[in-house]
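Two complexes come next, and they have one chain in common, chain A, joined by chain B in the first and chain C in the second.
Coming up: the complex of A and B.
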């Protein structure tokens, strides 16, 4: 699913190190124990050979089998036949559906739009999230003031993507508030149709996505910052390192594992974003904001070409799994 | 730089002016920081302020020129219109019911799975773990087409169970990972004691582990609730009639319905984020970092 508007509050008193999921790791919560206790209990009585764990996992197995493995098998099957779902007697057509998708210039437009949209979003999420997290982590301001600012900075997180879409449609409408400022401040002669101008629509929805998604980075980085030992900064100060040097030589390297994880996750989620695009531009104007998700959705539920849509869905699945591979590998290397 | 140098070599001589200087510099820095924080806060806050403001305006004044924060027709009409419309209240009921059910069911299944992951070594554990992690990256759009077929075949099209089961696929992996992490932090001796006394693992889990895992379960539950509350794509595709629609779809329906009742859309948006806001206000202590930890470690 897409960005969950996780409402997380990283209070100064309780950084990541005390968070439930990381309390056992003892490394400031940035690293290990992604899933099960790997090696932690090794050497103890480990109930090896009992069937009990499989019993406990049965509901999970059944759910994942019925709702994950079967559908994926189904969609792969669909992608190789003709006029699936609507025609009960469909024929095997091999890679014809794939050829149709891969021969469609709109599909490539969608892939490139998705890459731009996701790439720019992730970079901006990181920059904004890091900037805000650094400011919120400063020891110079009181905790109460921090709490107020933190609550404001987290605001976009409280809104589901449907709300974000509707809100920004209002703000960006030709006679909306954004255009009021743009024209009053002299940036433009006349009102701009942000979401219906082919050259502006993609930057506009990317901006909306940036607005909606940075708190996720900010909160994680804030938690990460609070986990960095102050001794490292003291050592850096003894070496006469200024704030900039401290940031690049202490902060960034310490946060690197979090940053890579977040960036990969964010990239995976953003490439799958559907609702925001569907509710703001619908992929238009003239494919300017067409994403792989909207492209596939339209094939299936607007033109009812489920077979070709399935081929497109399988291609997206393979691309996502490639990203997931890097993500899992990164998580493992941190164990 | 030079000041630091001299103060290091001759601290007594320069102590007084240096301290005064440092205090002044710190005050300046603090003022600068607060200014930067305030300017930065405009980015998230302005759209939200405008949303609130618009929800209290008569529809005709939403796009008035020049824009005003509070117009003459300030009223709760848009809220009243939504809260007295059974069709729209139904959207809210559906969202609460579906998100609540998903949360309870996900927690139950995830607790069982997490217990296996946390307390047992078994064949295939690593592979299952990798599968659970990768499942999070399966694009919803890939599953949508077969789900559409599957849900129709199972007779679950346009029903609550159809949506509830669907959402569980997306909430479960994360819930398992977070819950496993939480169980890992609890000493194994706790539940082993029960087994030594002849109790079953089932008893150990429900009598010992679950009661002390309430904070962990709250954070998983909140997360799950929010995923289900926010879901759009499947709610759009797997339901047909308005009495089965959820809040996100309801907001979108408003868009087409009465030629853009912007004030009502904004009011519905405000009402639509209330559950999230409440969860945030009441449970923030619980999910401090729990979610980010889960996400970062997922």
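Coming up: the complex of A and C.
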């Protein structure tokens, strides 16, 4: 039963292995009758060896072409014309759409808000995720209790964005339970409009995003912690290192590759957050929670200015590519 | 190995063919099995109405239509309002709009600019249709592009129990009466507010329903006679000044900047708000969620001393035909059917809305006291919604909402806000 596959494998491997030899033998030539037949056979095998890898890659190439390259190329193309889609006779306008986006103070407000939102989220995700991961990895807590905590801590990650938005809109509403405790416990005299006050809205949605996203860090760091050799900690203890020194000299260096990867990925994902912001504040009050995602969405689906929206999307794409470049470089350096 | 290469090549070819053919397949809406050859024509009808109607009502009407028009079938593409809007916008952009589409008046101008919806005046003329029974039509450049099928009027809802507790005996009819009532309710209990104003930027229709309604109720307008923006005129400024005055008096529920329409209804339903301006469509919602709620409906209060006709804000379920439809004649038949007195009355009855056919009288009007009073208010005034037919209407509302939020935040004056709104609107026109 195993014979045919072995034969197939040998046939598949042979052309790759013999391709250079076949080229070499062609120089000398054999001079006998078998020569041309063997040469054709080797040529066919060589051809197959060259084509086969591309055959395997073709579906991926086709998918990339259809699902990624084409849409991106179209959006880039749209960004250089005027009133695209809406107007059947669009004109080439060069970088005019880019100038319009870059000349709009709201765009810079959106970039600033996005940077604050994403930066604070990533830092808090790391701190909370690390704290909970250390707790769940601690030998001082029984396994049964760890299982309970793990289930509780991971809950926010299981909710969809829509549920998170509705839940926190209710909790933070002026008549919500948060305000009930705030006023009852004497922290404030009257209800606080967490999402409606321009000075509080950005911190409030950043908090919601932190709450919704820390389990991703926690789970990843917990896996990393469980992979650190106990011998390293034993050696550290022999060198009289306390828990703090062990954390900074053993745990953190061991987790560094995971932390950097997670932080970069989280930053990229958070800068692209749209649904949570749209469903909680709609980018308001005024422009207090305007992000690059909501800014671009409004251009496309509220003013139907798909050309300027495309220019905005391309700018965001370039910014994301910068982050992606660092991520890929970090991954390559790890390899 | 050959099999692998062959299989890989076949999959690749299939993927390419699928990718290439998908565009061709989506060039137009469903055209049935042969359209025009005497075979069955299938019309696509995209709308958000079916989920908002009692189950089976719209499908039942379509079955009646199919029975009356052999050879035409209707496929309903139903979804919530927001996703229908995105679907219709995407269809308009790509030329794949459904044959018949549910329209909001705020979308019409943009679709006309795109050339994605058909001139209904021409279709009516081709079909020899008499439009005398149509209550209203949305026209641009002298041609009709949307017909309101049913209308949801927005009126003043008062929680009569809360008003009575606050010492207010009668529903307010003027702005000063409204202000006094709203302040009285707010002061009667620390957990209640006189009025609620949803100003969320996600869905900024609070500007249309809850702010501009004050101007329209007093005969005001935000446009010049030739349809250009004129939002900083004294009538609109007076209405916005009034709203800001209510806020300064503490008569508006907190959190306005992120409140949406459903928040408004929930707050009123739970008895935390004394008055709201809302759609008649919410009457049944209120009755179901709060059976004991004692409420009534009235015209939106007018400026003191105003004796003219009052504009009543409304929103419509409008209907149009896609320009890219290959079955416009059949599509028009469906529109004509929905605008006929019987079908229109049945639809209006199921939706608790006022009919688009002026001869249709829905049953609920004669059977329900609250609806009867609302119908009287509707007939005494005139339908007013100046955002219908304007370009990028939703963005215009959002622009004004942002400026009003700045005023409520104490950043700028009403005058500056309206001047800034006027500048933004002029750039959009």
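Here, the second predicted complex is superposed on the first by the 283 of 335 C-alpha atoms of A that agree within 3 Å, B and C clash if a C-alpha of one lies under 4 Å from a C-alpha of the other, contacts with A are read in each partner's own complex, and residues count from 1 in each chain.
Simple rule for what comes next: a residue touches a chain if its C-beta (ideal position, glycine included) is under 8 Å from a C-beta of that chain, and two chains touch if they have at least 3 such contacts.
Since the structure is predicted, the reported quantities are computational estimates derived from the model, not experimental observations.
A.B. asks: Which partner chains sit in contact with A:63 here, chain B, chain C, both or neither? Use first/second/both/neither.
C.D. replies: After superposition on chain A, A:63 lies in contact with both partners, chain B and chain C.
A.B. asks: Is A:297 touching the first partner chain B, the second partner chain C, both, or neither of them?
C.D. replies: First partner only, chain B.
A.B. asks: Examine A:323 and indicate which partner it touches, taking first as chain B and second as chain C; both and neither are also allowed.
C.D. replies: Touch status of A:323: first partner only.
A.B. asks: Does the superposition put A:279 against chain B (first), chain C (second), both, or neither?
C.D. replies: After superposing on A, A:279 lies in contact with both chain B and chain C.
A.B. asks: Looking at A:127, would you say it contacts chain B, chain C, both, or neither? Reply first, second, both or neither.
C.D. replies: neither
A.B. asks: Looking at chain A, does chain B or chain C touch a larger number of its residues?
C.D. replies: Chain A has more residues touched by B than by the other partner.
A.B. asks: Which of the two partners, first being chain B and second being chain C, lies in contact with A:265: first, second, both, or neither?
C.D. replies: first
A.B. asks: Does chain B (first) or chain C (second) touch A:198, or do both, or does neither?
C.D. replies: Touch status of A:198: second partner only.
A.B. asks: Once the shared chain is lined up, is A:116 touching chain B (first), chain C (second), both, or neither of them?
C.D. replies: After superposition on chain A, A:116 lies in contact with neither partner.
A.B. asks: So which bits of chain A does chain B touch that chain C touches too?
C.D. replies: Touching chain B and chain C on chain A: residues 8, 11, 48, 52, 56, 59, 63, 85, 169, 173, 175, 278-279, 301, 306.
A.B. asks: Write out the stretch or stretches of chain A touching chain B in their complex.
C.D. replies: Going by the criterion above, the answer is residues 1-2, 4-11, 14-16, 18-24, 29-30, 33-37, 40-42, 44-48, 50, 52-54, 56-57, 59-60, 63-64, 67-68, 70-72, 74-75, 78, 85, 128, 131-132, 135-136, 138, 140-141, 145, 149, 152-156, 158-163, 166-171, 173, 175-177, 180, 211, 215-216, 219-220, 223-224, 240, 258, 261-262, 265, 268, 271-272, 274-275, 278-279, 292-293, 296-297, 300-301, 306, 309-310, 313-314, 316-317, 320-321, 323-325, 327-328, 331.
A.B. asks: For the complex, which residues does chain C have touching chain A?
C.D. replies: Answer in residue numbers: 1, 4-5, 8-9, 11-12, 15-16, 19, 86, 89, 93, 110, 113-115, 191, 200-204, 253-259, 263, 267, 272, 392, 394-395, 398, 401-402, 405-406, 409, 411, 428.
A.B. asks: Name, in rising order, each residue of chain A that touches chain C in their complex.
C.D. replies: Residues of chain A touching chain C: 8, 11-12, 48, 51-52, 55-56, 58-59, 62-63, 66, 85-88, 169, 173-175, 191, 193, 195-198, 201, 278-287, 298, 301-304, 306.
A.B. asks: Across the complex, what residues on chain B touch chain A?
C.D. replies: Residues in contact with chain A: 4, 26, 29-30, 33-34, 36-37, 40-41, 43-45, 47-48, 50-51, 54, 62-63, 65-67, 108-110, 112-113, 115-122, 125, 128-150, 165-166, 168-170, 172, 176-178, 180-182, 184-185, 188, 192, 201, 205, 215-216, 219, 222-223, 226-227, 229-233, 237, 247-249, 251-252, 255, 262, 265-266, 269, 272-273, 276-277, 279-280, 284-285, 287-298.
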